[in-house]
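In the two assemblies presented below, chain A is common to both, partnered first by chain B and then by chain C.
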Partner chain A sequence: MNRMTILGIETSCDETAAAVVRGSAGGPADILSNIVFSQFDEHAPYGGVVPEIAARAHIERLDAIVGEALSVAGIALKDVDGVAATAGPGLIGGVIVGLMTAKGLAAAAGKPFVPINHLEGHALSVRLTEAVAFPYLLLLVSGGHCQLINVAGVGRYEVLGSTIDDAVGEAFDKTAKLLGLGFPGGPAVEAVAERGDPRRFLLPAPLKGRSNCDFSFSGLKTAVRRAAEQAGTLSPQDVSDLCASFQAAVSASLLDRTARAFDKFTARFADAPMQLVVAGGVAANQALRARFGELCEARGAALFVPPPRLCTDNGAMIAWAGLERLSQEGSEGGGERLDAPPRARWPLTELKAT
Partner chain B sequence: MTTTPQRHLILEQICDSEAATATLAAALGTHLQVGDLVALRGDLGAGKTTLARALIRARLGHPDEAVPSPTFTLLQTYDDAAAPIAHFDLYRVEDPSELVEMGWDDALADAIALVEWPEHAGALLPARRIDVTLSFGDSEGTRRVTIERMGNWDGRLHEL
Partner chain C sequence: MNILGLDTAHSACSAALLVDGKLAAHRFELMRVGHAERLMGQISEVLEGAGRKYSDLDRIACTIGPGTFTGTRIALSAARGLAIGLRIPVIGVTTFEALAAAMSGEGVRVAVFDAKRGELYLQAFAGDALAPLTAPEALTIKAAAQRINGLGRDDLTIGGTGAELLQSALAGKGVLSEASPVPEARFVAQLAVMRDAPSSPPSPLYLRPPDADLPPPTSLKFT
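So, the complex of A and B:
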C-alpha cells in the first residue's frame, strides 16, 4: 500500500489545529506534527507575544498553525499528497474558515482535498497509533460528545446510543462548578474524588438497566446539587465524598451502557474479537479507565485508549481520516470534493463507505 | 432621554413535574414566529435545557427528537418548514464578540432563537424578547416558571 502524507485541519469548535500525518491505510502512522492552538508554545510568528485573541477566532490563527504544522513536519506544501479538513458538524463560522483554507491549499498544491466529518475523525483516530483492525466498539466521551458506535470500516458506522441530554465531560464540568472547584472541571473532580468515599452519597446511575445504549447525565447534576444542599455547609471532605460518589455514578452508568453495547457488538460481529476503544477528553480520567479495564478483562475484550493529545480535538485525526478515505476512494472525485459545503449538522450515520 | 424597556408578565406558575413544565413549554412554542427570541434563565440544573427540549419537540411534532445539551457545541439547529429553531447555550461564551462568528445575527433574523445563559450575550441580546426564568421549588421535580414579554410585541403573546 502506498504511503501518503496528508495535511489535516480542524476548526469546527473551540480548537484551531493542523497536523501532518504520513502512513498507509490501516495504520499506525507517523504523526510528523500535531499543532493545536491551545498548546501552541511557539510564539515566534507573534514576535514572542501572543496577542489577546477572542475564543474561536480561527481566521486569525489558522495560517500560523498550518505554517507551524508544515515547518515542524519538515515539509513544504508541495510535498503533501492531500489536504483534509473538517467540513462539519460544528459551528459554521469556524468550519468555513478551515474548509476554505484547506481547499485553497489543495488547489495551490495541485493535490486532492478531502472533506472530513469531525466525528469520523474521532472514530478512526485510534488507528493512528495502534494497529486496531475493524470492527471495534467506540465509546466517545468528551465535553461535547457521548456516543457508543460500532465501527465496521471507513464510512461504516452504527450509532448504538448517545446522550439524550448532557455529555459526560459536561457533567464533570458542571459538577465542578456546583461544588466550587476549578476549571477544567473534569480533572478537578477526579483529583478531589481520590480522597473521597464513593459510597457516602447515593446518586443515581442514569439509565442503568435500560435495554438500549443511550446515556443521560442531567438528572445526576440535579442529584449532586440536592445532595450538596442537604449536606449544608460543605467541608473539603464533603466535597471529596460528593465527587467520589458522582464519579462512581458516572462510572456505573457508562459501564452498564457499554456492557450492553458489547452484547450488540458480538451479536453483529459474531466472529470478530471484542475490541473497545475509549476516546475523547474524558478517557483521560484514570479512575474510569481502571473500571473499563476491569470490564474488558471480564469480557475478554481488548481495550484501547488513544493518547490524550489525540482524544481532544486535533488536526492529526482529521489528517488520518483523510488518509484512510483517500486510500479507499482514490483521488478521483476531486471536483466534487472541492464543492463540499460546510455543514453545521452532519450525522455520522449519513456517511457511506465507498 | 432613556426609554425603560416594557416588561409584561405573561404568567407565573409552579410546575410540579417535568411533564407539567413540558406542557407549558409546548404552549409557549405555539405562539412563536421566526425572529422571536426566548431567553432561558436559571441556575445550573433549574431546567433550562429541559424546557427548551420540550418546546423544540412540540414545535417539530417529534416527541423523540434528539435535543442534546448545547453547552459544548454552543449552538444546535433544528430544521423545520414552518420555522427553523436555533438553540444557543452561552455558558462557555466569555465575550459577546464571540457571537458574531457563531451566526448570531442570522439566527435571530431567520429562526426562532432559544438562548440559555443570555447574560453572556451582553448588549447583543435584543430588547424585544421573551424572558423565561426557572427556579427550584420546594420539592424535587418542582419548578417555579415565570414568563415575561420584553419590548413591543404588537399585541402578540398577551397570554398563553
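So, the complex of A and C:
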C-alpha cells in the first residue's frame, strides 16, 4: 500500500497542536513530529477552559507550531500528501482557527484538505502505534467526551453508550477545582490520590448495575462536595483520601459500564476476538489503566491503550485519521473540501465510510 | 504585484485580487454565518477570474478587526495558513481603515460599528490620506459622540453599521456615507499596496477582553 505523509492540526479545546505522520493505512506509522502546546497558564485562573481565551491563544501560536512540526519532521509543506485538521466537535472559536489555517495551507500547497472529526481521531489513534485490526471496542474518556463505541472500520462507528451529563474528565477537573488542586484536574487528582485511602469515603459508582452502557458523573461530583463539607477542615490526608475515593468510584463506574459493552460487542461480532481500546486524556491515568488491565485479563480480552502523549489531544491522531481516510478515498476522492464547515457538535454516528 | 484581499470580520464575506494596483476580480457576499465555508471558494474564483494561481500571489491583505471575534479569525487564520505555504507576507488592515477607504471627501471620515451592548467601535480619520484623528476604541454611544464632538469639526462623513446610532447621538450632525457599512476586500487589498510588509503576521484587534468570570473561591476550609 502507498505510504503517505500527512500534516495534522488540532485546536478543538485547549491544546494547540500540529504533527507530521508518515505511513500507510492500518498502521503502525512513523510520527515524524508531534508538537503540542497546552494552554495551562491561560485557563488555570478560571479552573476550566474559557472558549474565547482558548481561541485567542490558538491563533497567536498555531502558525509557529505548524512551522515547528514541519521543521522537526525535516520536510517542507510541498512534501506532504495532504493536510488534515479537526473540523469538530469542539469549541467552535478554536476549531475555526485550525480549520481555516489548514485550508490555507492545503490551498497554498495544492494538496488535499481532509476535515477530521476529533472523536474519530481518538477512535483510530491506537492504529498509529499498533496494528490493531477492526473491530474493537473503544472507551473514549476525555474532558469533553465519555463514550463506548464499537469501531467496525474507518467511518463505521456504533455508539453503545454516552454520558448523560458530565464527561469523566470534567468530573476530574471539577473535583480538582473544589479541592483547590488546580487545573488541569486529571493529573492533579491522580497524583494526590496515590497517597490516599480509596475506602475512606463511600462514594457512589454512577449507574453501576444498569443494563445499558451510559455514564453519569454529575451526581458523583455532588457526593464529593458533600463528603468534603462533612469532613470539616480538610487536612492534606483528607484531600488525598477524597481523591482516592473519587478515583475508585470513577474506576468502578467505568469498569462496570465497559463490562456491559463487552457483552454487546461479543453479541455483535461473534467471531471477532474481544479487543478493548481506551483512548482520550483520562486514559493517561495510570490507576485506571491498571484496573482495565485486570478487567481484560479476567475476560480474556486484549487491551490497547495509546501512549499518554497520544491519549491527550494532539495533531498526530488527526494526521493519522486523515491518512486512513485519504488512503481509502484514493487520489480522486480527496482534496476539494475547502468548503467544509466547522462544527461545534458532530456525533460519530453521522460519519460514513468512504 | 498581485495582492489578495480578504475580509470576514462582519456580516459579509469578501475576497478581491489586485493586479498592479488595479482590481482584477472580486467577490462580496452578505452573510451572517457561513464565512468559513465560503471564503476559500471566493479566493479560487477571484484567482481564476484573473487567470492567476496561488503561486502568483505576492502578498495577502486581511482585516484584523474589530469585528465579531470568531468572524475576524476566519479570514485571518486562512491568510496566515496561505502565507506559510506561499512564503509571502500578510498585511493587517483594520476594519476602520477598510471602511474609511471606501468613503470619499477631504473632511473627517468616521468609521463606526455597532458593537452591541450599547457600545460602538469607533475611529476617525482625516481625508484621503486616512490620517488617524482618534485611536481605535470601544466606547458607549454617549462617549463616542463626545469623542467626535471633541474634534471640533463639522465636515463629517459617517460610515459603518453604527453610523445611524452615532449620528443620532450627534444630534444629526454629519452626513451618512453611501459606501458599504461593512468592509469590502477590494479596499482591504488597496490599502496594502503601499504598506511595508511586517516581519511577523498580524494579530487580531479585538478592542474587548474575552468574556470570562473568575470562579468564586471554594467554600471548603483547609489546614
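Following the convention adopted for this analysis, the second predicted complex is superposed on the first by the 330 of 354 C-alpha atoms of A that agree within 3 Å, B and C clash if a C-alpha of one lies under 4 Å from a C-alpha of the other, contacts with A are read in each partner's own complex, and residues count from 1 in each chain.
Criterion: a residue touches a chain if its C-beta (ideal position, glycine included) is under 8 Å from a C-beta of that chain, and two chains touch if they have at least 3 such contacts.
Because the structure is a prediction, the values reported are computed rather than measured.
Novice: With everything superposed onto chain A, say whether chain B and chain C fit together or clash.
Specialist: clash
Novice: Would you sort A:Arg345 into first (chain B), second (chain C), both or neither based on which partner it touches?
Specialist: Touch partner of A:Arg345: chain B, not chain C.
Novice: Using the touch definition from the top, say if A:Ala55 reaches chain B (first), chain C (second), both or neither.
Specialist: Touch partners of A:Ala55: chain B and chain C.
Novice: Who contacts more of chain A, chain B or chain C?
Specialist: The partner making contact with more of chain A's residues is C.
Novice: Please work out whether A:Ser162 is in contact with chain B alone, chain C alone, both, or neither, and reply first, second, both or neither.
Specialist: First partner only, chain B.
Novice: First (chain B), second (chain C), both or neither: which does A:Leu178 touch?
Specialist: A:Leu178 contacts both chain B and chain C.
Novice: Between chain B (first) and chain C (second), which does A:Arg226 come into contact with in this model arrangement: first, second, both, or neither?
Specialist: first
Novice: After lining up the shared chain so the two structures overlap, which partner does A:Ser218 touch, if you call chain B first and chain C second: first, second, both or neither?
Specialist: In the superposition, A:Ser218 touches chain B alone.
Novice: Given the touch rule stated above, what does A:Pro236 touch, chain B (first), chain C (second), both, or neither?
Specialist: In the superposition, A:Pro236 contacts chain C only.
Novice: So, does A:Gly90 touch the first partner chain B, the second partner chain C, both, or neither?
Specialist: So A:Gly90 only meets chain B here.
Novice: When the complexes are fitted on the C-alpha atoms of A, one of 37-45, 55-63, 91-99 or 145-153 in chain B overlaps chain C. Which is it?
Specialist: 91-99
Novice: Overlap the chain B and chain C contact sets on chain A and report the shared residues.
Specialist: In chain A, residues 55-56, 92-93, 177-178 are touched by chain B and also by chain C.
Novice: Quick check: in the complex, which residue numbers of chain B touch chain A?
Specialist: Touching chain A from chain B are residues 44-45, 49-50, 53, 66, 68-69, 71-75, 77, 93-95, 97-98, 100-103, 140.
Novice: For a test of understanding, state which residues of chain A touch chain C in their complex under the given definition.
Specialist: 45-48, 50, 52-53, 55-56, 59-60, 62-63, 66-67, 77, 92-93, 96-110, 177-180, 228-229, 232-236, 239, 338-342
Novice: Contact residues on chain A for chain B in the complex?
Specialist: 13, 54-57, 90-94, 142-144, 162-167, 169-170, 173-174, 177-178, 218, 221-222, 225-226, 344-345
Novice: Help me check something: in the complex, which residues belonging to chain C touch chain A?
Specialist: Interface residues on the chain C side: 34, 36-41, 43-44, 54, 69-70, 73-86, 201, 203-204, 206, 210-215, 218-223.
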